[in-house]
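One structure coming up, written as structure tokens, with questions to follow.
Here the chain labels run A, B, C, D and E in written order, and each chain numbers its own residues starting at 1.
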Amino acid sequence: MFATAAAALLVIMCLALVRAFRGPKIYDRILAVNMFGTKTVLLIAVYGFMTGRPEFLDLGIFYALINFVGVIAALKFIERLDEYDEQEER
Amino acid sequence: MMSSQLPALQVVLPLLGAPFCFLLWRYPRWSWALATLLSWSAFGVAIMLLIQVQNAGTIEYAFGGWQAPWGIEYVVDQLNVLVLLIVSGIAAVVFPYSWTSVQREIDPEQQSLFFTSMLLCLAGLLGITIAGDAFNLFVLLEISSLSTYTMISMGRDRRALTASFQYLIMGTIGATFIIIGVGILYMLTGTLNMQDLATRIPDLGTSRASQVAFGFLITGIGLKLAMFPLHLWLPNAYAYAPSAASAFIAATATKVAVYVMVRYVFSIFGVGFSFETMHIQWLFVPVSVFAILFTSIVALFQRDIKRMLAYSSVAQIGYMLLGIGLVNVTGLSAALLHLFNHALMKGALFLAMGAVCYRIGNTFIDSMHGLGKQMPWTMAAFVVGGLSIVGVPLTTGFVSKWVLIQGAIENGWWPVVAVILVASLIAMLYIWRVVEAAYMKPRPEGAESITEAPASLLIPLWLLAAANIYFGANAQFSMELAQSAAKTLFNSAVVGF
Amino acid sequence: MDSIFTDILAGALGRYNYWVVIVLMMAGFYVVIASTNLVKKIVGLNIFQTSVFIMYISIGKISGGTAPIVWANAELYSNPLPHVLILTAIVVGVATTALGLSLIMRIKHAYGSVEEDEILALSQAEDEDE
Amino acid sequence: MLLCEQQTPRGLNQLPRKKTEMELAVNITLLLMLCATVFAVVKLQSLFAIVMLFGIYSLLSAMIFVALDAVDVAFTEAAVGAGISTVLMLATLVTTGRWKKKPERSGLLPLFVVTITGAALVWGTLDMPEYGNPANPAHHHVADRYIAESPTEIGIPNMVTSVLASYRGFDTLGEVIVVFTALVGVLSLLQVRRPRTFARKQDNRPDTHRRRPYPVLQVVALIMMPFIIVFALYVQFHGDFGPGGGFQAGVIFAVAFILYTLTYGLDDSLALTPLPALKILAAGGVIIYGGTGVVSMLLGGNFLDYNVLAANPVSGQHIGIIVIELGVGITVASVLITVFYAFVTRAERNRAGEKQVDLPNKAD
Amino acid sequence: MQIAVDLVSWLFLSMGMFLGLTGAYGILKFPDFYTRVHAASISDTLCTACFVIGLALQSGFNLVTAKLFMILILLWLTGPAASHALVRAANTAGLKPVTEKKD
């Protein structure tokens, strides 16, 4: 049961990875990274249950945190980057 | 109580002094004073260790009280006491020198950061010298490399940034190669302690994995010691670093890397594995012969004297590798001797260039016309260092070249002897170029007259120049230390220490 | 029959982990050497180092073992030593990255570009006119 | 000896052999995804995409570390790779621009060097002991003492922390010194600017509408800040029992302040954590760690020997490990916060390097 | 009783899997960025909830379940906030949604 859940999560992560590779715009890639992060959190939970040792869930809490801060940092720095690109073009 | 804790004190003093030095960021003079005090105390501890090793033999110090293969240990024997002495000696001379030379090259709020990274580099190098654990050696190597990148990047010229970045990339690749080698060795033997590795590697025989580990380690350490094809980072790093930093790194960093090479080739892998199975001497000898000739010729055409000295350093490291490649006791003791003497020579030359740079602002040969009369003491010290590089009798250079030639004759390799003599001639040429510019050429009319460098630069400079002559004249101290270390390394087939 | 299949699988795959890690190492090494952009060099360096860490950890893994934290019904623990070495090596990697990136920012403001060949051209020009 | 009292959940009754097969399957798929990410990084031109994929690469390798039973390492790799390195690279990209202008250098020489090293390594693996079999030499000479005796000698369940802090304590001191050296290096290159106490009127440049702060993010950040800091303290002191420890706690603490800086702007965070305090804390953490070593020297043991710290050696180990983990946590947190502030200060200047008039991110 | 709990948790897990897969398929196939955000954010919140409930049923009432629900609350707080910030950044950067149907 957990194996099928883990397999499904891996498939979802692969699809998110494909979007990250192909994503024409920066925002598609950030979206893919965000989805990838949340699925990794779930994979850790399921993997913990699969191997019968689920007490490593504070890793999951930490991954969710890091994923959120990573996305926010990317957005904040793109905002400043577009501004500089425009300045450079002007 | 004190005497049993000496090996730990040797590294812990500068290592824990660095945060205090960093905390004095508003008073650079105090952080310099603390750094100099700590470098002198490290030199004192090194001398005490020398006395202990000479009468008590190898000292082992287990960190945290855990015995050897489980915990990390420090091992002090005749080989690394020699390196300890020269590294802390050079530091004890360069640290007092650095205050005045830094005033002109680094702005005040960064000066305490400079002294902190110099202390960290000293601690890292001392730690590497007496590390008894392969992975701990990697960590201390990273500490010394990171602080070296920081020191180089503080140079005034914008090219110091690119030099530091290039050195960072190549240094990190070298460190990663070393960590791959250590990982494979751990996978095969299950231990990280050097003495333990030395006992367990022979029964691996000639397994492919241990040969690959040997190859990766030699490449990684070769990158760190600027072996000929991997030396591209060195000229820029030494030329654009602040003069105090380039003097300190030129005299110590590559020497410690040569020591690590000797430790891995002789103590850990053993003479049998490195020379009979891997035939590493057929890599060292041709590479060093080519390095000696090619870099000496390139040094002839450099306009910046510090760059010229950097290229001559690559050539001198070629001498050391040649000594290792001769695979006989005299050859190895010549390499260890040259490790000791080259630190003195290069230290003196770079300190002289620091004094010139203090007065003129740059070290180009055409801006040094007629300096011989205006800065007599500095140029006299430069001449002494130059003669030592050439290998004129009564200087340290002559001693180590003479032992190297003896080693080569022992093997009957006459072409190698010829190469050493030709290289000494080329060295004569590029030293003469500077001497001619300083003494023969008149001072250009427009240039204002240059006064002699201040005493705080001259005293350390002349200390090293005098050491060059002293150890040249009666070399039996360093000679006998190097010879006994070489003997222990050679006849200890299995246990290297 | 089922157990033979897993033995062959494990045996043949005995070196799978190492080969994949070697492919990753060489890809990272290639990025470091081939890329002219300094930021991509640092990314390549990180990939090269992280794949070395995966090699270390797969040395320490014992199939059937659990994480080296004392647990009531654990019959076999994986080897904790590579984990300790890698914890230190990761920190060394991040320190080098932070230093490299701050150097890149200073180079950008000093030379106006982060492409290696442009910087080389600028510094050579500076050498000539000195 | 306090053992966390989780009993295994009901319904988990797989056979151990079947478990290894599944672990192997997860391990293989993750490694394949890793290779795909790396080849994408080699191919891509846009630096932003490369940094994003590097974030995925670190998250994936952290997941592999979980699959290979290296839980502490997974924690640190995710913290460092997906967290700190990615954020610092993004800050660098702001100044250096998004696009890689030139195509790669001619691929011949690098490809040749790379294939030679790769071939040497693969040739070496033929003799290497098999992956994962318990009889490997790596597990027997030194490691089995750690597994057998560390719960009794040092008395904490997490063997990785006991080896990290006590058996190989000097390595961890070296690690803290490396982090400190990175701080010295970054501070010598990039300066952190003074916080500006300002009553600034709204700047009416055309693109200012872009810079108005995100009220939603500010509220979410405000809600999460206390919980992140409590979680950091939990990870710091839970390091003996489960995954965690000084370094991971320091990173989480730094992530809390990075989130605050991203949403409220640098001036508010500099007001919250002034630079001199961070510098003193960074040096202080190293002094705490080294100080414990010196204290154990004064008490007669060797450097970093915790047995002498208390009457009975095991409680001495406990005290020693908690104090040095605290030292590591303080140093790492203050170093990473200061490095991030230095990068944001430099990122605020525009490409030409002059100081840019920066808008507050406060909802004004 | 045990089988009932297993069945219910298996039901939740499969629902979570279904939502995740459709979300992932959506992120690949949808024409432009804004529709993809829609697909991804659904799979973010609901699929996580189903997984967490499915796993919580498996592990009964102990610390593990508490951690699971902590993760759920965290993801429910940060997921939509991140999607909001993402869409707003894309919008201010001038990314126009694809309106006419490309035939």
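Points worth noting:
One rule holds in what follows: contacts are C-beta pairs under 8 Å (C-beta built on N, C-alpha and C of every residue); 3 or more make two chains touch, one makes a residue touch a chain.
A quick note: this is a predicted structure, and the numbers were derived from the prediction, not measured.
Where touching is counted per the definition, the chains common to subunit B and subunit C are D. Chain pair with the highest count of contacting C-beta pairs: C-D. Comparing mean CA positions across the assembly, the chain most remote from subunit B is E. Averaged Cα coordinates give subunit A a centre that lies 47 Å from the centre of subunit B. With centres taken as mean Cα positions, subunit E sits 31 Å from subunit C. Each chain gets a centre from the mean of its Cα atoms; for subunit B and subunit E, those two points are 58 Å apart. Spacing of subunit D relative to subunit E, judged by their CA centroids, is 27 angstrom. Residue positions 30, 32, 49, 51, 53-56, 58, 61, 65, 67-68, 72, 78-79, 82 of subunit A each touch two or more of the other chains. Each of the following residues of subunit B touches two or more other chains: 135, 139, 142, 146, 149-150, 153, 180, 186-187, 192. Shared interface positions of subunit E, defined as residues touching 2 or more other chains, are 6, 58-59, 63-64, 78, 81, 85, 92-93. The full set of touching chain pairs reads A-C, A-D, A-E, B-C, B-D, C-D, D-E.
By the touch criterion given at the top, residues 51, 53, 56 of subunit A touch subunit C in their complex. Those residues of subunit E whose C-beta lies close enough to touch subunit D in the complex are 2, 5-6, 58-60, 62-64, 77-78, 81, 84-85, 88, 92-93.
Interface residues of subunit A, counted against subunit D in their complex, comprise 3, 6, 10, 13-14, 17, 20-21, 23, 26, 29-30, 32-33, 36-37, 40, 43-44, 47, 49-56, 58-59, 61-63, 65-70, 72-74, 76-88. The part of subunit A that touches subunit E in the complex is made up of residues 1, 4-5, 8-9, 11-12, 15-16, 18-19, 25, 27-28, 30-32, 34-35, 38-39, 41-42, 45-46, 49, 54-55, 57-58, 60-61, 64-65, 67-68, 71-72, 75, 78-79, 82. Across the complex, subunit D meets subunit C through its residues 3, 7-8, 16-17, 19-21, 23-24, 27-28, 31-32, 34-35, 38-39, 41-42, 47, 50-51, 54, 57-58, 61, 64-65, 68-73, 76-77, 80-81, 84-85, 88-89, 91-93, 95-97, 100-102, 104-105, 107, 109-111, 113-115, 117-118, 121-122, 125, 128, 130-134, 136, 138-139, 142-143, 146-147, 151, 157-160, 163-164, 168, 171-172, 174-175, 178-179, 181-182, 185-186, 189-190, 241-243, 247, 332, 339, 342-343, 346, 349, 351, 353.
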